[in-house]
Every structure is written in structure tokens, then in C-alpha cells.
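Per-chain numbering from 1; labels A, B, C and D assigned in written order.
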Amino acid sequence: MATRIIELEKPRLKNPIFIEGLPGIGNVGRISAGYLAEQLKAKKFAEIISSHFMPFVLLHQSSAVHMLKNEFYYWKAQNKKQRDLIILIGDSQSIDPEGHYEIIETILNYIKKFGVKEIFTLAGLSVGEQTTGLKVVGAVSDPELVKKYQKYGIDFNTGAKVGTIAGAAGLLLGLGRYYDMKGVCLLGETVGFSVIPDPKSAEVVLKVLTKILNIKIDTSKLEKKIKEMEDFIKKIKTMETRAIAQLLRPKEMPKEKEKLTYIG
Amino acid sequence: MATRIIELEKPRLKNPIFIEGLPGIGNVGRISAGYLAEQLKAKKFAEIISSHFMPFVLLHQSSAVHMLKNEFYYWKAQNKKQRDLIILIGDSQSIDPEGHYEIIETILNYIKKFGVKEIFTLAGLSVGEQTTGLKVVGAVSDPELVKKYQKYGIDFNTGAKVGTIAGAAGLLLGLGRYYDMKGVCLLGETVGFSVIPDPKSAEVVLKVLTKILNIKIDTSKLEKKIKEMEDFIKKIKTMETRAIAQLLRPKEMPKEKEKLTYIG
Amino acid sequence: MATRIIELEKPRLKNPIFIEGLPGIGNVGRISAGYLAEQLKAKKFAEIISSHFMPFVLLHQSSAVHMLKNEFYYWKAQNKKQRDLIILIGDSQSIDPEGHYEIIETILNYIKKFGVKEIFTLAGLSVGEQTTGLKVVGAVSDPELVKKYQKYGIDFNTGAKVGTIAGAAGLLLGLGRYYDMKGVCLLGETVGFSVIPDPKSAEVVLKVLTKILNIKIDTSKLEKKIKEMEDFIKKIKTMETRAIAQLLRPKEMPKEKEKLTYIG
Amino acid sequence: MATRIIELEKPRLKNPIFIEGLPGIGNVGRISAGYLAEQLKAKKFAEIISSHFMPFVLLHQSSAVHMLKNEFYYWKAQNKKQRDLIILIGDSQSIDPEGHYEIIETILNYIKKFGVKEIFTLAGLSVGEQTTGLKVVGAVSDPELVKKYQKYGIDFNTGAKVGTIAGAAGLLLGLGRYYDMKGVCLLGETVGFSVIPDPKSAEVVLKVLTKILNIKIDTSKLEKKIKEMEDFIKKIKTMETRAIAQLLRPKEMPKEKEKLTYIG
């Protein structure tokens, strides 16, 4: 199956900006992008399913199964200072290295059709214990973007603090170059126990992002929202961890030494 | 090779229901579906082989090799209250995450040709020690199915008890949605030592399923049947465990430190 | 790249029998088939290279690199009691489960073009310590073959002794069925420390095989031959083991805790 | 995505020689080829990106992301004793066995278009502690090349010292044969702690290579150059090691035993 996009609607968008927020450190990207989509009442128009996600369905509170997927939402600009948006959120990233490249190229090929030229990826940056004054650290696909975005209070002294940006947040920028897209990664500093969502860090990221986008959203419900999501996010993580552990460890060893001989 | 279907016969079926029972917890699904196919004298019409099964053949009692495969059976309705059935049983599920998606999409593409619109997947639900009063717990691909099937004594308070449904039983429901198929997963509660087949749980699942299908089968031979199968099922599991252990651990380390230098 | 056959010559063969002997337990198959090809002065006509072999080249005694591969040889019948032969030998089998299926289907597709209908696979059967009176144990793709080959002193009480036949020796029989080929696996009993080639077991297998094929070869040089091969075979095994160990274990952990933060 | 070449320019080259230097033991190949390309002011004309590289981008000193890639450079002969050159350098080799074959075949297919018939691969040879008098050891794709290159002071008593040549340096020679290319691997002896670049070994390799190519370069800046590179090379290695460790070990185990049941 590899990776597939299921299109539910074909929106007409004008020069849209693409925003990505998938699970990762502190779930900062996932929370920020999800909250933004919800506050804007953005509309879902496509889904990604992939054989690089875990091979299971989730159950959450009801008896209906939930398939792991990523989801595209769109939002249309309300005034001339704003731009149309495509927002990508989701339950999971690839569980194997190769899948990351495949899924991200699928995304880039798809958004290219809508004329996307600018990308914002949202992620968390684990900074150990120093929790006072969380900042947004920025990485760019092109050095000239620094000038353009420095005024929004983003810390661009990035090379000294950041080694790599893994998965979608990094590769969308790196691979985006081959699709004529310029990108900025907004990294919200977080204490970084990766399972625990960090609303503070998400709020800081959202403040910078909405300023750039000329959008006003109410961040006061963010913490409450996260409370609701936390259970579900934790469930996915627990199940993934358990499933990966099962894949790596032979389940039950044969107890009695059976009289079976092995041939090769 | 990936995954391939070998068709032995092309049955003409009318609006058939698809039933899946592959190996898993307590082998509940495998036993239930296998016993149903046998009691109904359902006829095999296709096989699935896949490079996502273990790369070996089995020997069992005779000197003839047994290739790991999944098998499709069909059964034609005997009266107007019944429906034609396609039953899938087999020796194995995918041994890697990606293979699950590939095999399940191969199955969905194939059964779509016969006009399948409804799916029942059968599986076990490990419930630790509380063995009194085993129930059938249900998961659905669509919340409206709950109303339809509640009367059959299925426990649909599923979200509280079930985290994920892994492999075919879950993904057939999740992916089936993209093929316009609605599905119910019938989970037989079992004490859940995954190697040991649980006839009690299979019987409970079969009772619910046959009531839904308006079919009468004699479940009295179930325990005897399982006794016969147990050996074979155990052999597959043992071999898989051993093979996986061998894949994960380098077989024999070089004893003497040889004078060979490594280059990269 | 997957798996590829490089054809050096297109021999015209009449109803040929296919014989496989690749590395495995005691290298019994590899030694038997290799010695047979050499004694018959069989001619190489094709090579298989595959991305499922280890990604390295070997050096052995000279400074010329040796690419891991499998090799096809042919031999033409000398009299009416004999049959043309295709013999497959090689340095390696697939290092991952999926690759086995791919390589074996590549082989089956290729030999089908020469009209192959009968297969003999050669392998070792590890029997622990009981070394007196090594036998050849047989497995078949079709129960009716037992009758035909019982007279050659093959032990067909196989199910009791053999759990699985892994890799090429097993899958050529299992998958061969889908290519209208019937097959017998000749398993030479061996004490089974898989790195150490077992000439005794190879000799017993060769005696049964040549009787079936109506061929006379001199097995007196077998032990000397193996002495020569041993070094090379050991080198491959050592390198594979080392390489697999390297793949499974991160090479060098960063010593000083560097000030690099991880982002996802 | 697999593996892709992005061509920036289509140089016209006459009978070019191909030189490869990718990361490996002591980074000897990477350093030698990189320094050569820089000293010759060779021009970049193509890039390779691959889903077999790590799925992350790097940050180094600036806030701009760096995508893992391999890079092709060309240089045109300045006089009749010289030959046009294609030089391949890069950040990474494949992280999985299969990827090596895929990437190397992509390279061979690409350079074949420029008429390449001769290959030099550069690598390090770990020789433990004996550091006095580092030599260049040679491996060849064809025994007759030994005669041609022996005069350049290469030690061709290779089989006794070298077990395998892993990755690009080895497979370009082995697979090159199927593309009608002849190749020599120049192995610089090094003490071989693979993370630490070895300028001494690179210098010895460069001296032999430039003599063969009739090129004069100033090796005096080599050590300084390596000092500059060291940080970046170390960063890649550290990140790869960390990432691989993360892939192999489930990140955080669920602490409290949650009331979630597992189904299969």
C-alpha cells in the first residue's frame, strides 16, 4: 500500500501557506496545529494513510475503531492581510526511517498542486531543566528567511542549540527545497518528557505563528483542550511503545524443549 | 513477490458477508472461523501467499511440506434468512508492520470483486485472570452498527476495555471504510496465554456469530477439534519464535579472534 | 536493485532437473551441489546478484574483490538413463525474511523457461549428538513422490524429526507447486555446528542423489575439497556475523555528553 | 522516494575517471576525495538524496537546515597527461543493507552516461595499533589491474589483510563489473577509531591517487581542513548513533500499568 492520500474535497485556495504539526517532543507541533485548526474552524479535505504507521486501530471511549492517519485542513483568508492556509495534523509519524521520506514526499507532491510556496513546521525542542522563559527557536531552509522573520521574536541562534530536526518538521524543510518551497521550523522550547504534552510551549509557538499569519485566536482554552487530548495521545504512545517492544522481543519462548530439529 | 492471491475457482456469490479468523490471542479467531468453515463444509476457492510470512515451510506428521498461507472459503446460503459467506482462515499474519497493510489491502481488493459490503472479524481479547462468564466484546467501523448488533448480547462498552486491535482483525475494519465496507470485530474474552488455543472463548464467539448469520452448527466437537489442531498451531508458533530469535541474534560468534580487518 | 539474473549463455536443455545447494546447516547443500558441479565439469551460464545479500565484497587470497552471488551451472546428459541438469550454488542466501521469497521466485521464474518440472534441494538436518549412521531424510512437495523415491534409502518419516525447512531448500518446494514443479528435499543428517562444513553428511547426500540421477562421481576427493573451501566459507560467515552484529548494535556511543539537543 | 539524483548541470566530459570518497573508517575516503575536489576547485553538478539516509536534517553553526546527501563534482583535465574527473563525496551512506545496493546502482547508472570506464574508490583500513609507516593497500575488480598499478607503491598483498570491503568502496567495484567498469580501491591504513578523521592516512592515499592521475595538489592544508570538518563529521555520527539507538530501543515505557488490554 505504501502511502495514500484520500481526498474528500478539492478546495480552491489562493497562494496558501502550509502549516505542519505532527506528534513529536512534548507534542508541541501536534497541539499547536490542532488548536489552530480548531479555533479557525478549518475544514478537513484530505487524509493520509500509510503502511509506515503502526498496524493497528485504536479504540477511544466509544466502540468505534480509529484508524491512524494524518489529516489536511484548509482555511480561507478573512481579510487582505491574511493568507489561505493548509494545516496538517495527525496521529502518527512513520515508524521506520524510510517511511519518513515516502510520507513527506507524498505530502509535498500533494500540496504543490495547491501552489504552496511557503511552509511552517511546528515542533518541540527539548532543553532539559531550564524552564524559565520558554522561547521559540527557528530553523530555516534558506538563510535569507532569517531576516524576514527575526522581528517576530524568534531565536535564530539555532546551530548552537540544535543538532538535528528529525521527521516531518525537518524533512519538509530539507526536501521542500527540491519542490521550490521555502520553510521555517518553529521550535518551542520544552522540558521534554516526550509523552507529556506541553501546553506552555505550544502557546508560545502559537503566539509567534499567529503574529506572522496576522490571525487572532483565543489561547485561553488551550490548557483545557490539552487535558481532553492527553488521554488519547497517551493511549497512542503507550500502544506504540508496547507494539514496538513486542516486535523487538520474541513473545513467548517454547517452555519444554520440544523434539523439533531446525533445518537451513 | 510481495503478496499474491492464487485463485482456484471463481464462485458466483450473492451479496456475501466476509468473515475473517487468523492467528492471534488465544487463536480465538482462527479456531472460530476454521470450525465454522468445516462445519458448513465451505469450499476453498483461493489462497494468499506472501513474502511477509516466515520464509520457511512446515512439516507436520507426514513428509509433505506445508507452505504458510491464508485461505478463502465460500459457502452458499441454504434459505432466505441466510447470506452467502466468504471465510478467511490461515496459518500466519504478517511478521512485519508494513506487511499487515499490504496483505489486508490485497484481501479488501479481492473481496470487493464479490460485492462484499459487510465484514465480521473474529479475535481474542486478553482479560487477565477473571475467567468467569466470558463475554463477546464488540468493536465497529461505524457507530451506527452498535444499534443493529446490540441485541445479540455483544458488550459494546469497548473503549474502556480495549486499547488497540492489532493486525487483520483491526485493520480490515479501519481500512474497510475506504472500500465502502462496514465491519464488526467480535472479541472473545480469553485468559490470554497467546500460544494456548482457547476453545471456550471460540465457542462464545461462534454462538454470537451464528445467531447473527442465522446458521446452526454443532459446537460439541469444538474441543476435540482444537485438541487435534493444537499440535500444529503450537509447531508454527514455536518455529516462528525460534526463527525470529535467530533473526535478532547473530548465530555463532567467531571463536578465535581471526586476523581479518574490517573496512568501510 | 532487488534481485537480478545476469545471463552469460543461453543453453539448450532438454527436460532438465534442477538441483539447489546453497549455504545452510553444516553447509551440506552447498558442498554437495558444488562438488557435483565440479566433478561433472558443469558449465556456469548465469549469476544472481541481490540487494538481499550482505552489502560488501569479499577478498580471498588475492587482491581481487569477490561479489556475493548465486550461480547457475548446466550439465548435459551423457546417456539415455540420465537427464540434463541445472545446478544452483552460491555464497549466500537472503539476509532478511522478505528477500528469501523474492530470490526464490526469481529462480523459479528463470528455470521455468528451461522447462524444469523436477527439483532436488539439498540441505543439512541438525540432529544433535547422535552421529552414528548418518541418514538422508526426505521431504516432498507432494505425498505421491514418497513412493517413487523410497527405494533410494531415503528416510521419509520426516514429520516426526523435522519442524521446518528454512530458506531456499524449503521454499523452492513450497513455492514450486505454484510453478508446476515437483520437488524433493534431501536432508543430510549432521551434528550441526552450522559454521563447520560436514563432508560426511555431504557424501551421504551425494550418494543418494547420484543414484537417483544415474550419475557416477568420485567422492574420494570430497574431504580434500572441503578443506580448501573451508577457509572461504568461514570467512563469509565470520564477516556476515560481524556485519549483522554491527547493524544491530550502535557502533560508538558519544563519549562526552555533548550540548546537542534532540528534536522531533 | 527510494534514491534520486538531482542534476544541476550537464557537464560534457571526455572519458572521465570516477573517484568515490564517502564516510567510513577514519573518514579516510571522505577526507581524501573532499580535499581533492576542493584543491582542484571541482564544480558540483548533481546531488543524490535517498530514503536510505537518516530521516533528519542537520543544523551546523547557522540556522539553515542541511539535508543529508551525496554530491557529484567534475573537473576538466588541464593537460594531455591528465583525464577528466568525476568526484563523489557526501554526508552519509545507506543506513540499511538493501539501500547500499540501490544507491550504488543509481550511481553506476548515472556515471555510465558520462562514459566512465575506470573507478577509484577511497577508504580506510583499520589496522589496530601498528601505526608506523602507513601504507596504501589496494583491491581490484580484475586481477590484471594489479600489474598496471603496482608501480605506484600500492600494497597488493590484500587477501591476507582484508576480509571484506563494505558499502560503496567495495560494491562500486563488485557491481561495476556488470557496467563494464574496472575499479581499484585504495585503502589507507589507519588506527581506526571510526569517528576520528585520520589526516595522515588521507594524505598517504592522496599521494598515491594524485600520482596515478598526474595531478599536483598542495597537501599542507589537509590537517587544518580536517580540523574544520571534524566538528561537522562528529555531529553527523553522534546524531546517527543517537537516532539508531532510539530506533532500536522503545523510548519510554508506560510507568503505571494502565488498564488497557492488548488484542491480536
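Annotations for the structure displayed:
Convention: contacts are C-beta pairs under 8 Å (C-beta built on N, C-alpha and C of every residue); 3 or more make two chains touch, one makes a residue touch a chain.
Computed from a predicted model, the values in this text were never measured in an experiment.
Mostly differing positions are employed by chain B and chain C in their mutual contact, as under half of the interface residue numbers are shared between these two copies.
Relative to chain D, the chain whose mean Cα position lies farthest away is B.
We define each chain's centre as the mean of its Cα atoms; on that basis chain A and chain B are separated by 34 Å. Here the spacing of chain B and chain D, counted between their Cα centres, is 48 Å. Each of the following residues of chain A touches two or more other chains: 162-167, 170, 194, 235, 238-239, 248, 258, 260, 262.
Taken together, the chain A residues at the contact with chain D in this complex read 94, 97-98, 100-102, 105, 138-143, 146, 156-160, 162-167, 170-171, 173-175, 177-178, 185, 193-195, 235, 237-239, 241-242, 244-245, 248. Against chain C, the residues of chain B that register as touching in their complex are 1, 6, 49-52, 54-67, 95-96, 235, 238-239, 243, 247-248, 250-254, 258, 260, 262.
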